[in-house]
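Before we start, here is the structure in question, set down as structure tokens.
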Amino acid sequence: MSTQTTDLRIGMVGYAFMGTAHSQAWRTVNRVFDLPLRARMTAVSGRDPGKVAAAAAQLGWAEHTTDWRSLITRDDIDLIDVCTPGDSHAEIAIAALAAGKHVLCEKPLANTIDEARAMAAAAVRAQAGGVRSMCGFNYRRVPAVALMRRLVADGRLGEIRHVRAVYLQDWITDPQFPLVWRLQKDKAGSGALGDIGAHIIDLTQYVTGQRISGVSALTETFVKQRPLPGDSSGLSAGDTVTGTGDVTVDDAALFVARLDGGAIATYEATRFATGRKNGLRVEINGSQGSVVFDFERMNELEFYDAALPSDEQGFSRILVTEPDHPYVAAWWPPGHLIGYEHSFTHQARDLLEAIGTGAPIAPSFTDALQVQLVLDAVERSAALGSWSEVEPALTEIAA
Amino acid sequence: MSTQTTDLRIGMVGYAFMGTAHSQAWRTVNRVFDLPLRARMTAVSGRDPGKVAAAAAQLGWAEHTTDWRSLITRDDIDLIDVCTPGDSHAEIAIAALAAGKHVLCEKPLANTIDEARAMAAAAVRAQAGGVRSMCGFNYRRVPAVALMRRLVADGRLGEIRHVRAVYLQDWITDPQFPLVWRLQKDKAGSGALGDIGAHIIDLTQYVTGQRISGVSALTETFVKQRPLPGDSSGLSAGDTVTGTGDVTVDDAALFVARLDGGAIATYEATRFATGRKNGLRVEINGSQGSVVFDFERMNELEFYDAALPSDEQGFSRILVTEPDHPYVAAWWPPGHLIGYEHSFTHQARDLLEAIGTGAPIAPSFTDALQVQLVLDAVERSAALGSWSEVEPALTEIAA
Amino acid sequence: MSTQTTDLRIGMVGYAFMGTAHSQAWRTVNRVFDLPLRARMTAVSGRDPGKVAAAAAQLGWAEHTTDWRSLITRDDIDLIDVCTPGDSHAEIAIAALAAGKHVLCEKPLANTIDEARAMAAAAVRAQAGGVRSMCGFNYRRVPAVALMRRLVADGRLGEIRHVRAVYLQDWITDPQFPLVWRLQKDKAGSGALGDIGAHIIDLTQYVTGQRISGVSALTETFVKQRPLPGDSSGLSAGDTVTGTGDVTVDDAALFVARLDGGAIATYEATRFATGRKNGLRVEINGSQGSVVFDFERMNELEFYDAALPSDEQGFSRILVTEPDHPYVAAWWPPGHLIGYEHSFTHQARDLLEAIGTGAPIAPSFTDALQVQLVLDAVERSAALGSWSEVEPALTEIAA
Amino acid sequence: MSTQTTDLRIGMVGYAFMGTAHSQAWRTVNRVFDLPLRARMTAVSGRDPGKVAAAAAQLGWAEHTTDWRSLITRDDIDLIDVCTPGDSHAEIAIAALAAGKHVLCEKPLANTIDEARAMAAAAVRAQAGGVRSMCGFNYRRVPAVALMRRLVADGRLGEIRHVRAVYLQDWITDPQFPLVWRLQKDKAGSGALGDIGAHIIDLTQYVTGQRISGVSALTETFVKQRPLPGDSSGLSAGDTVTGTGDVTVDDAALFVARLDGGAIATYEATRFATGRKNGLRVEINGSQGSVVFDFERMNELEFYDAALPSDEQGFSRILVTEPDHPYVAAWWPPGHLIGYEHSFTHQARDLLEAIGTGAPIAPSFTDALQVQLVLDAVERSAALGSWSEVEPALTEIAA
């Protein structure tokens, strides 16, 4: 760590699952990577005074507050890290950008298209003044995913023909699992589609360099009523229940799609795939090769190279732990794995590097808006039973 | 083999890929299974006199002819085995049934819905007179597939929620691969959809016991023109070519679907999945468990049992080579694999058993017609860009 | 099949597990491969008149007898196929060779070193008169194994450093499993060591081209007494038992070894590896690459090529079903698997080809004797608790 | 984190690979686990003033020194964390224990048996005064390994019959790789045997609850001379070389073994397994089940349960990321992986818990001495070409 390093002072809003993961990243990133900026965990905000104090102590934040707006008005904070549920993203991020704070915002960017458009427009305006923003599609920062991107970009797969992507979970297969906020449309926006479908949309577009242009979809809610949790924040089935309520989001969303570079695709996001815990799987077939990624084996990438001798071709299991793989040189020797949290550390690394050097940052809020527009097309197609085109993001921004 | 065994005398029409596989099955079935009927390879027919004579010698048929109608009029033939391309299935099968011959017909049942309806009607009429018929969806006879069916039927998966099925090949990714007959709609009916998509439609309906009721689809032809083969029967790229012609079938077909028992599904059939040779893969998720099958590892079945203790749950790799697995007791000790051809031997076994004992046979021509109706719905949906319902097979038959 | 083909008339001795597998091979080989000789299943012999008659009918042999010597004296038999237990191999094979019959003898070649030496000497003498012999190490004929051999021979692995080979089964883990003849030294010679250990010794020597020169071993018998089977030929645990008897062979044999080309190795053969059914696994590491084979996935070969770019190296799963893989062109399209029995069909193919053309045949009886000498060194080492050199086979033959 | 938490002030000696991993653990452990003690990173020592200062800044240590003895004499340090090469372990650890400091010492415990005995004796003496010690066999703290241990302890595997363990690496296959200190016996003690062989010895003894009682071994040095590195601390091949020197340690060590509970085993440690990066693999077969672990897939455990219905048995891939798996509840949701470094965080957790509560700690220095005695038996056996018994550790301690 050179002595010229400047601090980047962070205010984080929210401290639950994502807040915990981001905290681990901010604590670790400068211990592992040499960067032009040093992350400082200045303050965290949350609604409950006692809980936010405990979280600050546990996670390593110097200060805490119950007023997220106070983070934005402080002079000694440079970046706002938005880790709240989606319904508050727009308000916080737009206010922060307006105050000249860099913003890292968790995905999905927003709960509505209108909010997302407003955020993307705010980000474009802020960028002109040197204020940077980024949406937290952390899976781009898994070394195997970045390697997949590099192979495609280097032409090793040739022309991309097929994408097949699934994100499979099973945490609500029990019909007695309660009606937590993630199963309520007014709070969560959508169900499996926005929560995990958004990840595979972003990831496959990132890797292929192609955008989804149209879709044909169906969605399903298998369990239409669930017990109400006694405690509105409860996630476990053991809480006292007080009746049942309607599930108002999708349990599963499936669609076929065309990409603007000529590829065709299938996508599936579900919370009812018994036995699949975090089954984000992507296969991409090109004219010269194929790649396969499975997040449950996130340190591996399968690669088929059709340029090898015909009797030696096969899907090769690359253990993505070599020094010349993306991000890996900073970590452990070959064969020593990294985990889920490292994707956030790499995200923090890329963001600190980009802010410090002025390099471009992706995914931008406009990129994230485009993902929202795909989600919107999926919902329209499922509702209408017809092919739906994805609306353009950039034109709207320009207007 | 008991001395009471009666011969079942077979006339086979066609001797190419499917004819070779069927011949291996007829030669082997009574050597391995104890059955009420003994297969006799009485005669084979084909158009080229020299080639059919050579095929008869090579494959073990006692006689050969260039006139398939002569097989149907002979008194010493009990069953007609139809191994020709799809455009002649209807004529041969209907004539054979009318002549009182049992019929085994390769899939897809026919190239058009009208032909398929006529065949199904003829089979129903013949059945009344004790004449039996069966369509050759051989993958049902893979032990792992039959075990999958048994697990579902025994309720081990609970309520079926999800089906995801792909059939991936890559034999025409090279744009210089010639325009063989399988790429011409007038001869082949359709492309990947009917050739391999039909298999996963039948297999998943068989295993789940549910029928596809509606679909939303897209199809694509990546390479729209190809070199004409110098020899119309040629399958290799090395032949002298005489120009180019239009590819008139789909290279790939993708669709999402609803099944009549409440499951939802994705299907994909393609010949452009680089590195996938015969990648028929099916995953089925139920409320109590899941199964996964991959034909490239056809002796294995993955099974997830959600009734096990939570810290011991996982996808189990069952090596389907135990004596209590379907069909296996007749073969080798545990851990000794069987291959592709065995599915045909098992099909022959089931057919001989059913004819000999009068037991029901599946898939019937009506079952196979229903698969054709799904293919038809897929093509309509892809053409119209809208959800398409699958027409009912049974009602039409009844009418 | 060309019209010039000459018949090779076969007399088989024994009709149990190996006899069934060999019969399938003889029935099939000329249906699949174009060969200079055509196998004729002339006669089979066995001790029980009723059983051998039934076996002949079931397996497709034209005649049957209870006197194996009559097969040897018949003029219309060209080859004796020895499928009996090991204690009769020497007598039958030596008599057949003396009578000018070609011999295919199942492994292990014999139950004692002396017998094996006598057989090897007889084979060398007979060879001078154009009479051929071969020992049935069928696993050499698995396409993936032959491909492994080719990769090593082509130098793709560089200098061979490591061999690790296991053959894992679990069929006698139950202590109530009865004392069948395979568990009695006077009948079986040895236990896991000779039955399955012999296979991995032969296979690894074949693939590497190196011979085991010395070993350090231990053997174990976990269950020292077992119920006596009521029926001495019984293999199942359900038979009436009449007391218990001593297990006189090894349940497991483990050894480390040096090979004469500089490689070092571990070997393990056991019948107590719960869950492993036919787990013949071999990994070979060379200075430039590695290969891995698992018989439970016999259509696959894993290959690591250290000459690839460092960020693309990985163990590649080659599906050994391409036309340019050994033996495969005669079978099915890519991705369509073959099974255990095909190794015997390939063995028959190679033998018919070699006899028909006069080409060399391996493994010879001398090769098989060398395997016996390794087994002998293992037993000596385990008994003495010291390193044991493998005695030379060739010198003894010469003397 | 409760307010009653007491600090445990740490002085770490050495800051290279292991020091980096330990620092990550000390920084993280209290952020993730609720513990009776809070780790404080008080000071680090190293020989080079500039490098140790940089390391302290990078890794997060409050102070730094070039004199490790100063750490031991300070009153404000409670625990000495020994991360130096093996030749200094004894001196540092014994001095620290004598000064009343708890000690965490990296493996292998020492370079010689005499040193290890002295350390174990010192630890036993110190324990009487409440001073605790532990050897850093971190792989015990991988959740899948701890689960394996739990399954064995719960009797799910029945009587243990077989252990097969390998630790495969490939970082010195290139003969031009220089003669770094790890390849020199006077500095490293031994080669692959002590470096990685020690891990699989400890791990398998821990999981099975059985101790190795005797071995038969061979060792090999494939590349006997290597270029001298220009910089004696260099690990990379690019340094200026000044000639060649002798490799004085083993490149590979192989042995068969008996365990004191009746199991038999094979072990292999090598740095020449091309393509294997950190291939620590263990399979254990018991009378009722089997487990398989592969560190390159450290979040998974394969489990075969012979108590399941026979047609459903198979090796189950348990994704060891459920809340009821060891250590996992503190981390991420199911299906979200952890990495190599987490084993050190878990080790820190267990040590803080044990010191804080007075609970037993394993592995003790006596446990680590026993591993050294196994290494010693392996070296004796390889040198003598005979079976070698492992000397008892506990008796010597008692004396």
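The first chain written gets the first letter, and so on, giving A, B, C and D; residue counts start at 1 in each chain.
Operating definition for what follows: a residue touches a chain if its C-beta (ideal position, glycine included) is under 8 Å from a C-beta of that chain, and two chains touch if they have at least 3 such contacts.
Per UniProt, the chains are A, B, C, D = Predicted dehydrogenase.
None of the values given here were measured: they were computed from a predicted structure.
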Going from chain A to chain C via touching chains takes a minimum number of steps equal to 1
When each of B-D, A-D or B-C is compared with A-C, the one sharing over half of the residue-numbered contact pairs turns out to be B-D
Between chain B and chain C, the Cα-mean centres are separated in Å by 36
Chain centres from averaged Cα atoms put chain C and chain D apart, in whole Å, by 42
Contacts with two or more other chains occur in chain C at residues 276, 313-315, 319
The chain D residues in contact with chain C across the complex are 157, 161-162, 164, 166, 168, 170, 173, 216-218, 220, 222, 252, 254-256, 258, 262, 264-266, 268, 270, 272-276, 283, 285-290, 304, 306, 313-315, 381, 385-387
In the complex, chain D touches chain A at residues 1, 17, 21, 23-24, 27-28, 31, 54, 57-60, 169, 171, 276-279, 295-299, 319, 321, 332-342
Residue positions on chain C within touch of chain A in the complex are 147, 301-303, 305, 310-319, 322, 324-325
